[in-house]
């Protein structure tokens, strides 16, 4: 067995987390650097995975398989297809920026207490999340995936509840109560989803007898394992519910605004840009592969929900008074697009959805992190507290605008490619749905531009008059993201080349063909 | 009733004594129990003859040696195949020596050993008059707050009787799951119950609550065992024998020689059903299943925390062991009658425990209710009626007991002026004051909540899996729902510890001696190991999954 | 040769990148870099033009394939350029006028400390606009399409500290987005219909699909065009867009960007030809806008807003012509080009005036400026003559052709459209004369502003006047050069095939009619504004006037229906999200708590009640067991 | 006479005992009721032993007595200590812990 690259990619941040947590209280900066270095090393490993991955090769590559819990029919099986590779790369890429952006977010308020070591905890938890996210992208064993899909909640929970924005308009007391409310809400929502999934997982075992994704999918394909229609549907629902909570899909979304609003910005980025992707990813990998029939059966409802998410999320984003909540609702709208693309069941839709996961990760990270820098300067998340920043801090405003334009998927920036693919893919099969979804792009323009106008333009508010422009550290965070946004917007080919084969596979799993263009159909 | 039968009764009674041949006892196979009981008796003698100053150490020594030896014996028996191939009935049909018995005895002994450490902890309470004291009353006989109590405290008395009591309890628990006839079952039940009643009354602080707990536990326990006994009587009346094997045969109708009297009673299933129900009730009482659970919160809260921990862990193990044997060996022929009923009980137990726990404000009561909910989960596995069911239950018990002892051990550390600070509000901000302790407790809570990568998840999964395979899918769904509800209050505690500001009058965390540290350490270790790599223990449980008839 | 095409786009793009990322150290030279790169792409354009003239008409189109952009299963989008006569026309117009306006801006923006950024944006605009007209498929066109939208957003809002400017910019972008929605839906339709959206394949395959499909596509394209070219019903943004610096208004909101809609329709000619109904709608939209803009133009006292109205109306002419099909395409483009010259000229003139008048825009505060700023007066005057279609000047030829074509549509439609076109011509003459008179004639009406410094009207610097002069030349001669001998027609015919329309009345009659209405319009204006003194404060005016001042109330409509309605919708949704969606969850949690609290009561601490529960329990147990046996 | 009647008696005694546990307040009395229940069991054992004509029942009866005695020892100890600290043997007074 060759060097277990995938295991290493996940294990490195895990070990890094332990090491970081072990750093003594006084050596705060050391912990930060350690975490940063580990995350960068992980990035390198991810890059190696990306390189070693051969789009033309087998569906799952770099596979590893070890015995684990034979009694539960569980094996330690890893393997990546194009979609997973892309998302692993995204994760590994974003974490260093998250860490950099959160450099000072976890400095302890009272330095006297030597027992309490928030900084170490903060960065250790971030690395732990990274490890778990990566391995859940790699897992090709349903149980293994489930384990980390669930376990991921705990570090996230502490990240949300334990660390919040420094200055809060209502004072630290309310802040902490709201934080813990948000954290609990996050955990319970996802835990309930996970537990319902657990029932389905057990059901799957009873039906299939093991958890190997490849084996089950194969057995489903060649008919050696046929589920009763209702069984399949129930199992599908069990899985989908958990993923829909994580994604999040309307009406299971309300935890996201609270979580993103109360958490520190880097953590908010972690949630929406990385962790939530596991949900949509899992729909693509597990729902469609394991329960193709049920997926098709549920498609109409899911499409409607996705549509609602798109419009509803956008409208609510327009109505927000809080920058971070606004971005959160925008994300809900975007997740609607992703799910739409997945269940449109066309190559364009699914490729689009996959690209969308990556692009949305980058664009939201850019927008949210800049927003975070803004908030950290003024100490308020209320849009109304800003105005005329553009005049005071042009670079900040500029980057903010670019992030916003990416969010409204301006052509030339990465999100446009994915969003358009999703729309085209959806339209090809469900024209009405496609057209309704298109309204989303107008609403997106609305909430982004309103946000920009209210915060950045107009007469300079006295409170922001002394606001400093972006610092070097912050530029280091934002610039690469923006460059990436533009690059992937102009030349997404490298990404699509990796993704396309995997999508073709998925399409064959669900036995769906792309609708023929009318003209060719006529011929 | 035929006259001949009566006559035969007389004649056999009139036979010369010499006819009775001495019973044949397999001392080797019974050694674990014998060692522990023996040690307990030694402990009594120690109390009688060893000077007070050195009793503590001697008792410690005796108990530790005994438990270790007993555990070694269990391992020895298991390795020499008594768990699998050589499994059989010992002591003239009174005791079964087979896989489940040995597995559970092993678990009980280890739990007992860990529990013993928490019993022996003497660093937590502030020194009274220069004597290190443990969490037991200086002199149980003295009235709380009286001069005699003061004197006892001043003299530095400590109730070292707890050690022999603990050993007796463990001895009874060792017999309980391996009892192979109803009489042994009943005797074992009493043997481990009575010491526990006493132990509950021996708290050093909050003695009134402690005594109240003891009274409640005792009266209700006695009440329950009366029912059990009557059930035994009825079953005996039905089958004409109290040995499991015979009863099972009678139930299945495969019994060899049917004398007219037996034929008479055999027809009468009412005896059987009522009897079975009453015995099962007694066992359900011990495991704390709704609606026989109501003693649990009060007793758990009032009893000295080390006792609570030990009780919560070991009693459950023993009682579920006995329940398994009863249902799988004696009453399999009856499963269509009891299975639906047990399902109902499992459902109400899972939900009831979880729901009521939501609004608890005392950490010990909270854990009590959580233990009720867990009893429900385990019942789900019991109901599976498959070998997987047995092994999953065994695994769950093993995993659960150590988490429990560990959790209660942590509870003993958090103290303020009035002893242990068990009110939840006092735990606010514990994570800030002493992150390590809080983190450890969080781990236990997560295990209780069944979060993946903890033993709790592995156990829950095993049990639910067995239940689902056994065709009890509804139980899985209910179980999942109640886990969701349960998660809520485990999370509440974590929130309290980590996300809320510490109170100025908050409790301090005492630095324990290696004893308690070991207890907690073992708890954490087991939690993590069984969570990450449970395979070995699952195999163990699988091998141990077969009862001997 | 074709490898030069990419450079057309690359040059200004480079400029944009350099200027926007360059930072303060480029402030000194920024405007030069920008201008140089704009000029550079103009030069390349000329080179290509010359080269193109060298070839014979059929083989003039050049293609350049750069790289495949979005390769996905069954979906092929390339970054590829196509340079045919149509594109070439635009390239020259855009880069030419663009360069001039760069030069102009050097002077105009002299005192603005963010001049570098201004030039960056201008270059960005050029790049996007050139990509728009050079793209060889609709998706790439879409990129340019939104690119110019972005540039216009940035430039309208260039003076962001003015809330009005920021709002105007936002409004422009949003309205355009609505149009863009049309374009993207059109592209989706093409994809599902033809499996591609490259010009060549799509336009060839039009024959192979139903008219219904084509009509749908055409209407969606029209929607896009309306958004970009400020046609009814998406015209509302253009007036506000005048918040931007005047060069921007000249370049983007007069000469080039707003005409992109016309380009789109002409470019998609085959589709429209095959969808008559859609064409009819196009002509109607054109006609309506034509009048709408004209009327608005009559009422505005803000010189730029008046010109904006006129722009609307002129583009209305072009759209109308484009709607007429093959008989109109060429004239649409021709008018577009000439309009590009004179309207740019007019705006630059206006800018020059404002420059001299402390950025005063209210024409009622002008008057008699001809003596103060002669060059501006002359150039503006020439532009004026051109736009009203004074015989011999550009506007005359191009507009006249359109009116003819409109009549040539035939049938009642023809008469109606022609009539509207004529009426429009009259109104044009009227409001332009009005502008002219109010600005340059009569006696001076300006007073010191509140902080007492009185404007000192003066001629603008060379950098500003020269572009004006050049454009004036354009507005004078372009029309003639194009029209005489149908040069322009022959030049474009290979791309947009041309059909000769036969107006019911002779061309001469039409021309004469045009002259007549022209005189009437101008005359009325003179009677109203030339003869009697102009009140500094606008009189209340007739209902129509007041409506026209408010852009015929369509803003109020938008405000009431869209803005207010939207606000209510979002606010109620926020409420729903918080109370309903969230409430359900929190409700469940709360009810759980309540249930728990109630069950707790059972645990009342009395041992005997516990015993009761046990007793009851065992009773139930027995009963149930027996029951199980019974059933 | 039919031994079954003794069973009825046993059941009766048992029920009386159980009822006593439920309705009496004094801990001692409650405890006596429990003992009564145990004795009811004994009666049942003996009767069944008689019916089945084997000695198991009688043997069990002896065991039961011993166990009962043990219970008395432990029980009284606890109850007395409770009484001494509260000066009341009422089980209802002992309700510090509830909810």
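Labels A, B, C and D are assigned to the chains in the order they are written; within every chain, residues are numbered from 1.
Everything below uses one rule, namely that a residue touches a chain if its C-beta (ideal position, glycine included) is under 8 Å from a C-beta of that chain, and two chains touch if they have at least 3 such contacts.
From a predicted model like this one, the values you see are computed outputs, not experimental measurements.
Enquirer: Between chain pairs A-B and A-C, which one is joined by a greater number of C-beta pairs in contact?
Expert: A-C
Enquirer: Measuring centre to centre, with centres taken as mean CA positions, what chain is farthest from chain A?
Expert: Computed centres place D farthest from chain A.
Enquirer: Between chain A and chain B, what is the gap in Å from one C-alpha centre to the other?
Expert: Each chain reduced to its C-alpha mean, chain A and chain B end up 46 Å apart.
Enquirer: From the mean C-alpha coordinate of chain A to that of chain D, what's the distance rounded to whole Å?
Expert: A distance of 65 Å separates the two centres.
Enquirer: Using Cα averages as centroids, what's the distance between chain A and chain C in whole Å?
Expert: 37
Enquirer: Please tell me the distance, in whole Å, between the geometric centres of chain C and chain D computed from their C-alpha atoms.
Expert: Those two chain centres are 97 Å apart.
Enquirer: Would you pick out the residues of chain D that each touch at least 2 other chains?
Expert: 18, 21, 30, 91, 94-98
Enquirer: Listing for chain C: what residues touch at least two other chains?
Expert: Residues 589, 600, 603, 605, 607, 611 of chain C touch two or more partner chains.
Enquirer: Going by the touch rule set out above, which residues of chain B reach two or more other chains?
Expert: 215-216, 219, 223, 227, 297-298, 488
Enquirer: Between which chains is there touch?
Expert: Those chain pairs satisfying the definition are A-B, A-C, B-C, B-D, C-D.
Enquirer: Show me the residue ranges of chain A that touch chain B in the complex, using the header's touch definition.
Expert: For chain A paired with chain B, touching residues are 67-72, 113, 115-117, 121, 146-148, 150-151, 153-154, 157-158, 161-162, 173, 176, 179-180, 183-184, 187-188, 191-192, 195-196, 198-199, 202-203, 205-206.
Enquirer: Any idea which chain D residues touch chain B in the complex?
Expert: Residue list for chain D touching chain B: 2-3, 7, 10, 14, 17-18, 21, 27, 30-31, 34, 37-38, 40-41, 44-45, 47-57, 59-60, 63-64, 67, 70-71, 74-75, 77-79, 81-82, 84-86, 91, 94-98.
Enquirer: Flag every residue of chain D that touches chain C in the complex, lowest number first.
Expert: 18, 21-23, 25, 30, 91-92, 94-99
Enquirer: Sort out for me which residues of chain B touch chain D in the complex.
Expert: 1, 5-6, 8-9, 12-13, 140-141, 143-144, 183, 186-187, 190, 194, 197-198, 201, 207-209, 211-216, 218-219, 222-223, 226-227, 229-230, 232-234, 236-237, 240-242, 259, 261-262, 264-265, 297-298, 301-302
Enquirer: What residues on chain C touch chain D, complex-wise?
Expert: My answer: residues 600-601, 603-608, 611-612, 615.
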